[in-house]
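Following this line, the structures themselves.
Look at the two complexes coming up: chain A is in both, with chain B in one and chain C in the other.
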Partner chain A sequence: MSEVIKITDYSWKYINTKTPAVESINLTVEEGAFIGIIGPNGSGKTTLAYSMDGLIPGQYNGIKKGTVEVFGKEVEEYDRGELQKLVGVVFSDPEAQFTAMTVEDELVFGMENIGLSVPEIQERLDWVTELTDLKNLLEKPPYEISGGQKQRVALAAVLAMMPKILILDEPTSMLDPISRMRIFDVLAKLKKEKNSTIIVIEHSLENLIPLADRMVMMSDGELVLEDETQAFFQKTGFLFEKGAFPPGLIQFFYELNQRNLYNGDYPLTVAEASLKLNEMIKKGK
Partner chain B sequence: MNKTLLGYVPEKSLIYAVHPFVKLFFLLVVSLFPMFVSAPDWNIILMLVIVLLMWVSRVNMSTLKIYIPVAISMGTIILISYTVLGGTHPEFELVAKVWGVNIYWERIRDAIIVYFRVLPMIFTMVFFLSTSRERDIIVSMRSVRIPFVVTYITAMALRAAGMVLEDFQIVRQAEQARGFDPVGKSIAYKIRQYVMYMVPLFALSLRRSEEFTNALVARGYAFTGEATKVKRADYILTHYSYKYFDYIFIFLVSVSFIALLVLRYGYGYFSVDQSWLIDLLRNALSVRGG
Partner chain C sequence: MEENINYIQVTNLDYEYPDGTQALKGINLEIGKGEFIALIGQNGSGKTTLSKCLNGLYKPTRGDIIVDGLNSKKSSIVQMVRRVGYVFQNPDHQLFNSNCWDEIAYGPHNIELTEPEVVERVEEALKVVGLPKIYHKEHPFFLSKGLRQRVAIASILALRPQVIIVDEPTTGQDMKQSLEIMDFLKALNEELGHTIIIITHDMPIVAKYAKRVIAMGQARVVADGATREVFAQSEVLKETFLAPPQITQLAQSVADLGFDPGTLTVEEIINQFNSLTN
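Moving on, here comes the complex of A and B:
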């Protein structure tokens, strides 16, 4: 697997702030990886995401130290529009990112920007509307559809540009559980069928954990923990300490562990937890 | 039903068969008609034609009721401006003297002419907005090769107007949820309190602008529309094509406009002297004034 993003000793301080938003970040993302980033509000997750898409330093004033390389090239070295072909970002508030009058216009806007021809746009539009189940909404104004549909439009608009790396900044923060699941279903399909590199910043971990290959924990602007998903959640005590709360089932097995009733890997899904509990019952624990 | 800028029009309306540019062309050209027509009779006929077009397009005619107060207040303002505030003109024909103010026939006539010039223009605009979506405006502009930057700024302005209204509603509801109740208060109080809405609305607008800019940059937008130095395809235009009847409409509207100019300036038609409505009114007022 080749490295697609390499962040080395990276710090960013917004102008007129006293402390850096992110500091001394070292992170490598490999091609096809699914990375989950968690951390409390104000821990620097969004700043990190914007840094990987070139929005920082492009759109913001501040002081940068270290390097952020995408496909071996510093983000500032890319021409306008070139980096956006490689890295797509979905923001947390879908409505704020709508720039067009109909869902269809919204979906084709990015494709037109990167210079695709009409047949290419048509082909990608068919693919992305099928993937995100938006075929019936193409004629509708994007601000008149439901919250879940809006976020699927925002995701589809970025997917249609077929970026090699997809970054989602709290994509489900405004959604109900079913809409959340539908977004993660789309991400699961992308991971399976397209082997896309996906980075998701998310507070709701139930849907994220089954898909994530690696997890990253941010706290006070620093990357405090990074590991494979299973190993990451084995450090649940540390996560608690840093203000992150793993899903209830991990907390439950952590509690059992603290009472010396369990000492194996914490299950990451309900199915795994059910199996482990069965085993424990059989063993008479 | 399809949502238009001023309401809803059934999906099966004939108006959707027409190319968006034809609608814009109709608006721009037909709005000029009343400027060359002094006789109110012809402008009333134009209004009736536009109402007929609305009916054919299946626009919900009951929505027209909301414009009645606007039409009445506008007419009243024009009439007062021309008559009560029209000044003293000894050379004009005096119709009445109301509380020491001279009311002249010429000023009443001019007020009526102006009123029936403005009214068809408003009807034409209402017809356009009732049958067009935001996308139609953009498509019609792009179809005549107006630069992408201009059409996109227009689209963003339309979008921003909607967002500001939404934000205003949110701020207002938030104020009401915290007990703010302007009902029964004086206008001065209400105006003062409206300033209170402006502060959060302004802050929200700044945040929206930042998010909007980020969204544009993240999707490779450049002001020129050519972020990657390649020609930009206009996918949306592929959904629209001119049909034979579009050309017929454009031809008819153009010929009507040319004919209007020729008749007006070549043969003196549409002048106020040829208006039977003005004659009728003059006779009526002369009897009363006599």
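Moving on, here comes the complex of A and C:
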């Protein structure tokens, strides 16, 4: 597997703040990896994401140290627009990315901009419309649809560009649990069928955990933990200490562990947890 | 606290948007003083429309809403908003004044209170939400989302409504911030006796704070009862595209071992584990 993103000793300080938003970051992302980034608000997650698609330093003033390489080339070395073809970002505030008067135009806008042919645009439009379940909304103005629907449009618009790397900043914050699951199903499909590299910033971990190969924890601008998902959550005590809140299942087994009632691995899914409880209760009786 | 189960009485409520979309069908509800309710359901199931009917912004197409003895069809919006306040999902859709103080004073001015009364209400609301003084004359958009939300809530509190509806109070907040906002709503409920209705997709938050759950699906109420009872009906929830919190799902999957399918929190499941193993 090859490295698609390599971040080395990277710090970024916005011009108008006293302390760096992110500091001394080292992170390597392999092609086809699915990475989850967690951490409290203000810990530097979004700054890190913007640094990977060139928005930082391109659109912001600040002081940079270290390097951020995408496909072996520093982000500053890309011509304007070239990096954005490779790296797509879905913003946490979907309205921040809308420009068109209908959902359909919104989806087509980016594809026209990168000079795709009309048949190609039509084909991709059909694909994302189906994938994100937007058929009934195509004629509507983006500002008239609900928050959850806006998030699906924002995701679809970026998917239509078929970027090799997809970065999603809290893509499901306004969605109900089932729509949330559907978005994660879409991401799972992309990973499997297109070998896309996917980086997701999320507070809601229940859907993220089963998909993520690796997890990253940010705290006060620093990358404080990075590991394979299973191993990452075995350090639950440390995560709590840094202000993360693992899902209820992990919290439950962590509490049992703290009371010397359990000392195995923390289960990540309801099915795993259910099996473990069965064993423990039956053994206890 | 004064018991008054019929503070809000909704009878056979239908609501249709001008384009013919049926957003609410046959809703019947009673809401009392001092309740803490979570209104849950898929996006587009009618939660926000129902809220806007409750505060008189929308008038029923059919059926009636009686709040504190007033029929919303025959009452002015001023009479209604003094009883039921609605805090928008996105505080930025609600805030429009150039400083926080004016933002909060806007409602009281609008219901034609005298200047000293307005000042009293703004100060009271600022105190309740705990907005530090340095922000009082600040533009709301320079505040963090959590603080903006407090300003939005304060602007509703200044109208002193019995019922406060907060649309997605925890969206975009991390867990620590979410707990802060929810603890604040809990205090409004327990200490000041406000009826709190939250609209949310965050089931662990519902399990932790709400005493009653109203689940909506396709414009109807599909379940209404104590939080524990509603979450125990996983089949009904599935129909409305909802799922109970992970802990409840886990307890349901091991119900044959003696776990309670209505388990809501980590604390509860630990207690059950202890009594089952001892």
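Here, the second predicted complex is superposed on the first by the 284 of 285 C-alpha atoms of A that agree within 3 Å, B and C clash if a C-alpha of one lies under 4 Å from a C-alpha of the other, contacts with A are read in each partner's own complex, and residues count from 1 in each chain.
Here, a contact is a pair of C-beta atoms (placed from the backbone, for glycine too) under 8 Å apart; a residue touches a chain by one contact, two chains touch by 3 or more.
Because the structure is predicted, anything quoted here is derived from the model rather than measured.
Novice: Will chain C clash with chain B on chain A after the two structures are superposed, or do they fit?
Specialist: clash
Novice: Would you sort A:118 into first (chain B), second (chain C), both or neither based on which partner it touches?
Specialist: Only chain B is touched by A:118; chain C is not.
Novice: If we overlay the two complexes on their shared chain A, which of chain B and chain C does A:59 touch? Say first, second, both or neither.
Specialist: first
Novice: Going by the contact rule set out at the top, does A:220 touch chain B (first), chain C (second), both, or neither?
Specialist: In the superposed model, A:220 contacts neither chain B nor chain C.
Novice: In the overlay, answer first, second, both or neither for which of chain B and chain C A:85 touches.
Specialist: After superposing on A, A:85 lies in contact with chain B but is clear of chain C.
Novice: Please indicate which partner A:133 is in contact with in the superposed arrangement: first for chain B, second for chain C, both, or neither.
Specialist: neither
Novice: Does the superposition put A:149 against chain B (first), chain C (second), both, or neither?
Specialist: Second partner only, chain C.
Novice: Just to be sure I read the superposition right, which of the two partners does A:41 touch: chain B = first, chain C = second, or both, or neither?
Specialist: In the superposed model, A:41 contacts chain C only, not chain B.
Novice: So in the superposed three-chain picture, is A:141 touching just chain B, just chain C, both, or none of them (first/second/both/neither)?
Specialist: Touch partner of A:141: chain B, not chain C.
Novice: Taking the two structures together, which residues of chain A meet both chain B and chain C?
Specialist: None.
Novice: In the complex, go through chain C and note every residue touching chain A.
Specialist: Of all residues in chain C, those touching chain A are 41-44, 89-90, 144, 168, 171-177, 201-204, 241-243, 245-247, 249-250, 253-254, 257-259, 265-266, 269-270, 273, 276-277.
Novice: Going by the contact rule at the top, pick out the chain A residues touching chain B in the complex.
Specialist: Result: residues 50, 53-55, 58-59, 79-82, 84-85, 88-89, 91, 93, 96-102, 104-105, 108-118, 121-122, 125, 139, 141, 143-144, 157-158, 161 of chain A touch chain B.
Novice: Which positions of chain B touch chain A when the two form their complex?
Specialist: For this pair, the touching residues of chain B are 2-3, 133-135, 138, 155-156, 158-159, 162-163, 166, 208, 211-222, 225-236, 238.
Novice: So in the complex, the part of chain A that touches chain C is made up of which residues?
Specialist: Counting only chain A, the residues touching chain C are 39-41, 92, 146-149, 170, 173-180, 203-204, 206, 243-245, 247-249, 251-252, 255-256, 259, 261, 270-271, 273-274, 277-278, 280-282, 284-285.
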